[in-house]
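Below are two complexes that have subunit A in common, paired first with subunit B and then with subunit C.
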Partner chain A sequence: MSELLEIADRIAAQARPGEQVEAYVSRGTETSVRVYRGEVEQFTSAQSEGVGVRIIRDGRTGFAYAGTLDSGVLNEVLADARDNVTFGTPDEYAALASPDGVAVRPQSLWDERLEQCSTEDKVRLALDLERMTLAGDPRIRVDSADYADGAGEAAVVTSTGIRSSGRENGCYVSVSTLADENGETMTGFGFAVGRDPFALDSAKAAKEAVERATRLLGAGKPASRRTTVVLDPYVTAQFLGVISSTVNGEAVAKGRSLFKDRLGDLVASPLITLVDDPTDSRAYTATEVDGEGLAARRNLIVEGGRLNQFVHSSYSARRVGTVSTGNAVRGGFRGSPGCGCMAMQLVPGNRSPEELIASVDDGVLIQMVQGLHSGVNPVSGDFSTGASGLTIRNGSLAEPVREFTIASTLQRMLMDVAALGNDLEWLPMRATGLSMVIHDVTVSGT
Partner chain B sequence: MADPFIDPDVVSRVLAGAVGTGAEFAEVYAEDRRVTGLSLDDGKVEQVSSGRDRGAGIRVVNGETTGFAYTADLSEAGLLAAARAAASAAAGGQGGVRNVGLVQSPAHIVSPISVYPDTIAKATKVEMLLRANDAARSGNPAIVQVSAGIGDSRRRIMVANTDGLLAGDEQVRVNFRVSAVASGDTGMQTGVRSIGGTIGFELFDQHDVSDLARGAAEQALTKLRARPAPSGSMPVVIKCGTGGVLFHEACGHGLEADLVSKGASVYAGRRGELVASPLITLVDDGTMSGEWGAIGIDDEGHPSQRNVLIENGVLTEYMWDFLRARKEGRPQSGNGRRQSYMHLPMVRMTNTFVLNGTEEPDEIIRATDQGVYVAQLGGGSVDTASGDFVFGMVEAYLIENGQITEPLREGNLIGNGPQVLQDIDLLGNDFAMGSPGTCGKDGQGVPVGDGQPTLRVRALTVGGTAA
Partner chain C sequence: MAVPSPAAVALHPHLASPLPAGWVRVDMHSHTMWSGDSTTTPDEIIEAVAASGIDVLCITDHNAIKGAVQLTESLPCRVVVGEELKTHAGEIIGLFLSEHLPFGLAPREAAAAIRAQGGVVYIPHPFDPMRKNLSEAALDDLVGAGLVDAIEVINAKTSLRSLNAQAARYAIEHSLLAGAGSDAHVPDAIGAAYVEMPDFDGPAGFLESLRQARPVGHHWDAARPWRPRIIPST
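Moving on to the complex of A and B:
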């Protein structure tokens, strides 16, 4: 760890007068095991490292990276970034973050039990998952069962006084399934995520993978109509992922958010209270510092349906005359930080998913959506996605349906939320899930 | 160009080390990739960036098990350490010493480069971005935001294996994209244009960035007038060169041998059967010079080739990688690809397209009473086991009484692959390749191209909100 900080220190120390220099240095290891029919099909074990250097001078920004920490290459990367900086357009708001006095909230992002997990144990976890899944239903085949883990450490140092570092590890198991009946095949998946491999809930992953595939067997197309949908927690989390770009401070500053002039307005049902809280260690994307090295913090985005704030990096904050909310996000050493939500969470309702379904006369439980990246436009708000799930009739789950779309606009869907479940679920995404009931969505089937 | 950038003697010793524990096959894949990218947003060239990744992935196959390790350390010691890690991951078998003699394959150059992008001054690229920004905004006060990007990459690869193969390739790619946001009484709308190829800077001899920018602005402005898309099942006409993704999703993935052999494809066991309208001949062709998905060799060292997958509606062949071909005794097809040295290869498409039919495109529209005309499709995805797929309409219009009428708001189209292939009832004579794409599979992205003539699908489900 101190080694990475030292490398980053050495780079940032080379800042020339008039230059701001940021060095982001990281190193990681990963293991992945895929089993098929009781045998190891693939086993990957690898290490990677790299450095990204950002330089700002006269309002211009240059960036360069290399996938190595060879001492000979580090100076080349700095020189490349320095060359790149000459070509940008001056931007009065361009600058690196500076320390803002917000204290880091320490979190437990490292689990020694993962370090101690042997190769044999990892293979066994994947094999056990495959076996449990196959045992769940005679119609089930397993396409692949995986165990994977990663451990990484990173340091960011700037000539403006930022100096932070951290490390974390994590692991998951996942399984994808095929269910066959009457010449038709349906797919499913299940997963479990954590930091302690021995605490992963493989049984639940297996059960969900079996259920998702088998309950779609025999599905037909639903009738086209406007109706009520109940989103499965996993689908809700994906929906929140779309919403995140509408509260992104950079999109707001550049006029690309449909909520850009709506601070303080009622933009959602009063049932909706949405926070972005990467300081909650239970979140998969929990972190102590953001991509610029500022302390991560809890931000209240929507309170009782009212838009309370946007999330900001130091750049987007400067543009709109506010301060960073600790929301610079960074994908690794190959890129410079952008702005975004980090760990969204809806404040849960008080009814179980079963009670929510019982409250719906006519509707569809949406188990899976397909094509969120192609049919949703967060700038215009148009929302249309492929879906599969189960019919809800008179408060009970009925026949399965697939090959249909659900459509509305993001603006309307947020207002049309009629109930939230109490089934908060932690997922390997930037958002948590829970069951959500939305009225008046267009279903296109037959 | 095809010169190995690691000494072949070193590679031989590394391969020998990799099979030293008795594995039957080992492979070294080395890659040296340099990228440059410039992005413009909000009227400013926000960032100029460049990067380099260099490393090797070593694969060891032992029975049904593949061990894999990668490293950024290309020294002999670094490579041997990775070889040992991969070998122990594929553990088992008897130890032994094998000598590996390598035979250099002749270079297979499908996309000769005239102007290497790294010879173009960054200032020139900056000027192109600013020109696109000006063109999109010029005379269009409703255009409130423009972003643009220009990127290029130069990727050298080297593949060697214990069968004695030693092959290399250089893949140079250039891409440009521009998007515009228009604002009006109905809210905001977006427009986008992108081009790219396995080509040098001569790409811009054929394309003017100002034209592309005006196209993106025009699309955003048009969509301001758009009404909600209809919902339900109806005829859909797809403009040439904008809908190849339909075939990529609807059947391309299902013809990948890894999915087929695990029984995860609706096309498993159907070779020789009529699986599509007899109008359809579907080809995957990595040799298409200059196209975004073109490659000289695949990432297992096999030369790219043209593969006819469906001929006059009959399924003729799947696409293969090394492992699946070896297991099932089939020839490799040049479709073993990977995102980088940090990834294992698998079966992937290159440039996938449908050959011309005979209809005039105007006639196809005239022959359609009521339906939707899609002028640009967006991304898509497929469930290969059921064949259900979905893709987005970026620009679409209503067809009424054989005429293209009003623009429609965005939405998804949904269908079932095998069904849609049967339902293509009119095929145009105006074949064109589409925009560059990135195909994602199992967490890996690779550049792919697609193409098709104007065509009509008798019935697709349009996922709009209008009744």
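Moving on to the complex of A and C:
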């Protein structure tokens, strides 16, 4: 790690008068294994390292990168970035982040057991997952069983005083299932996420993947009505992904958010407290520093239903006259940072999913939605998406249903949240799931 | 041959080109609301087909044939019932189908199932990773096993011409018939790509005519305006 900082130091130290220089230096590895019918179908093991240099002068930004840390190349990258400044369009808000006094919150984001996991062990995890899944039910086929991991370390140094670094690793297994009966095929999936591959709960992933597919067999269309829906944790996480784009400071600065003029307003049920918390090390996307090198932090987006804040990088913050919330995100050394939520999470309720379902007389458990992103109107907040799940009748799960839509608006849906589960589920995405009960959603079936 | 409307020609200028007598325009790849990721209703597709002047529309919904069967009688053009099937290693189209095929099969099983009901095995967007293409290994395997009838050398949604060109080279190198289609997920896309070929009757006649076909088309992938979804029974 110190070597990455040293490299970044050397580059940033070459800032000329009137220039701001940022060096982002990173190294990483990733592995993915896909098995099919007891054989390894795909195996990818990749390493990468590189440096991205951003220079800002007179409001113009130049950027260049190289996929190497070879000392002979670093000055070339710096020179290229400097050349590219002349092509940049002046932007009065363009600037690098500066230290903001927020201390980095140390986390446990690195597990040595992942480093010690052999290739054979990783393949075995995927094979075991496929085997356990197939053993779960004779009607099940496995579409794919995967193991994936990643490890990365990065350093950011700027001529404006930022000097930070961090590292994290993580892994997950996932399985996609197909269940066949009477000429129909239903799909399911299961995940297990962590940092220690030997502690991944593959049995749970397999069980869920089997249940999700088989319990939909024989599904029909539900009656059209306005009713209560209970979102499965994975579906809730998908909705949080959509909501995250509406609280993104860059979207707000450009006037493209539903909530751009709603700060301080009641925008959700009082039950809703929504945080973006990359400092919770249980999240797959947890991190200590953001893409500009500022400390990652717990941001309270919605508190008791009231819209408390948006998330910002230093750039989006400058555009709207506020400060960064440590939400600069970048995809690696090949690009400049943007703005985004990092680890969305609803503060859980105190009831189990079973208790939530028991509280519903008539409703639908939404197990899966299809095409949610294209199903949401980003301007109006209207959404309409295909769904499948299980009928809830008198507090119990009943017959499966599919080929229906659920529709509402994001604004109305947030206001109509009636209960949250205590079943936080960690997923390989930038949002965490839990069960959520929503009243008065339009179900369109027969 | 139906006459395309000025509005359709404005969208897809190649529709204005003359067609030899006895030839037809066949869009070998299109979707409707039965696909799940398209919102095109029957009324919209009737209007779009009439505007484009397409003579034969292969309706190849994702993992479904119900819409294609239902539209056979109502469209102002002939319909080939097809299905774009998700296999374990990417997508395969079956044309001239009479039965719905299950998805998630291995590619060989899927191709064999298409052939078993007298269908045509057609490989869509074979090199476009943005379109859930069949893996190259699976494609080579299927071609080696003699289980491919045609591959798509113009897919109107494929944004890189080089990927369509790669498919055309592959077709020549492996003596495969070349097809083209709009991959329409919105009504206005009908007419974006098709083959011009002598008229035909049934799958055998189709393959025979396809030997003389001229793939025609351009990249056309306009964004869909948001609208509420309709989820028909599949």
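Note that the second predicted complex is superposed on the first by the 434 of 446 C-alpha atoms of A that agree within 3 Å, B and C clash if a C-alpha of one lies under 4 Å from a C-alpha of the other, contacts with A are read in each partner's own complex, and residues count from 1 in each chain.
Keep this in mind: a residue touches a chain if its C-beta (ideal position, glycine included) is under 8 Å from a C-beta of that chain, and two chains touch if they have at least 3 such contacts.
Remember, predicted model here, so these are calculated numbers, not experimental data.
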- Query: Mind checking subunit B and subunit C on superposed subunit A, clash or fit?
  - Reply: clash
- May I ask you to name which of subunit B and subunit C touches more residues of subunit A? B
- Query: Which partner does A:Trp426 contact after superposing on A: first (subunit B), second (subunit C), both, neither?
  - Reply: neither
- Report for A:Thr89: first if it touches subunit B alone, second if subunit C alone, otherwise both or neither. first
- Query: Touching A:Phe239, do we find subunit B (first), subunit C (second), both, or neither?
  - Reply: neither
- Which superposed partner A:Leu258 touches (first subunit B, second subunit C, both, neither): first
- For A:Phe404, select first, second, both or neither according to whether it touches subunit B, subunit C, the two together, or no partner. both
- Of the two partner chains, subunit B (first) and subunit C (second), which one does A:Ser336 touch, if any: first, second, both, or neither? first
- Message: A:Asp143 in the overlay: touching subunit B, subunit C, both, or neither? Say first, second, both or neither.
- Response: both
- Query: Considering 73-81, 145-153, 253-261 or 397-405, which region of subunit B has C-alpha atoms that clash with subunit C after the structures are aligned on chain A?
  - Reply: 253-261
- Item | subunit B and subunit C footprints on subunit A, overlapping residues | 36, 141, 143, 178, 185, 187, 221, 370-371, 374-375, 377, 382, 384-386, 403-405, 407, 444
- Query: Given the complex with subunit A, which residues does subunit C contribute to the contact?
  - Reply: 36-37, 88, 100, 102-104, 224, 226-234
- Task: Note which residues of subunit A are touching subunit C in the complex, please.
- Result: 36, 141, 143-144, 178, 180, 183, 185, 187, 221, 370-371, 374-378, 382, 384-386, 403-405, 407, 444
- Query: Where on subunit B does subunit A make contact in their complex?
  - Reply: 38, 40-55, 63-73, 85-86, 89-90, 122-123, 125-126, 130, 144-145, 181, 183, 187-190, 223, 229, 231-233, 262-264, 266, 342, 344, 378-381, 383, 385-386, 388-393, 409-412, 414-416, 461-465
- So in the complex, which bits of subunit A are touching subunit B? 36, 39-50, 61-68, 73, 80, 83-85, 87-91, 94, 141, 143, 178, 184-187, 221, 224, 254-256, 258, 334-336, 370-371, 373-375, 377, 379-382, 384-386, 388, 402-409, 442-446
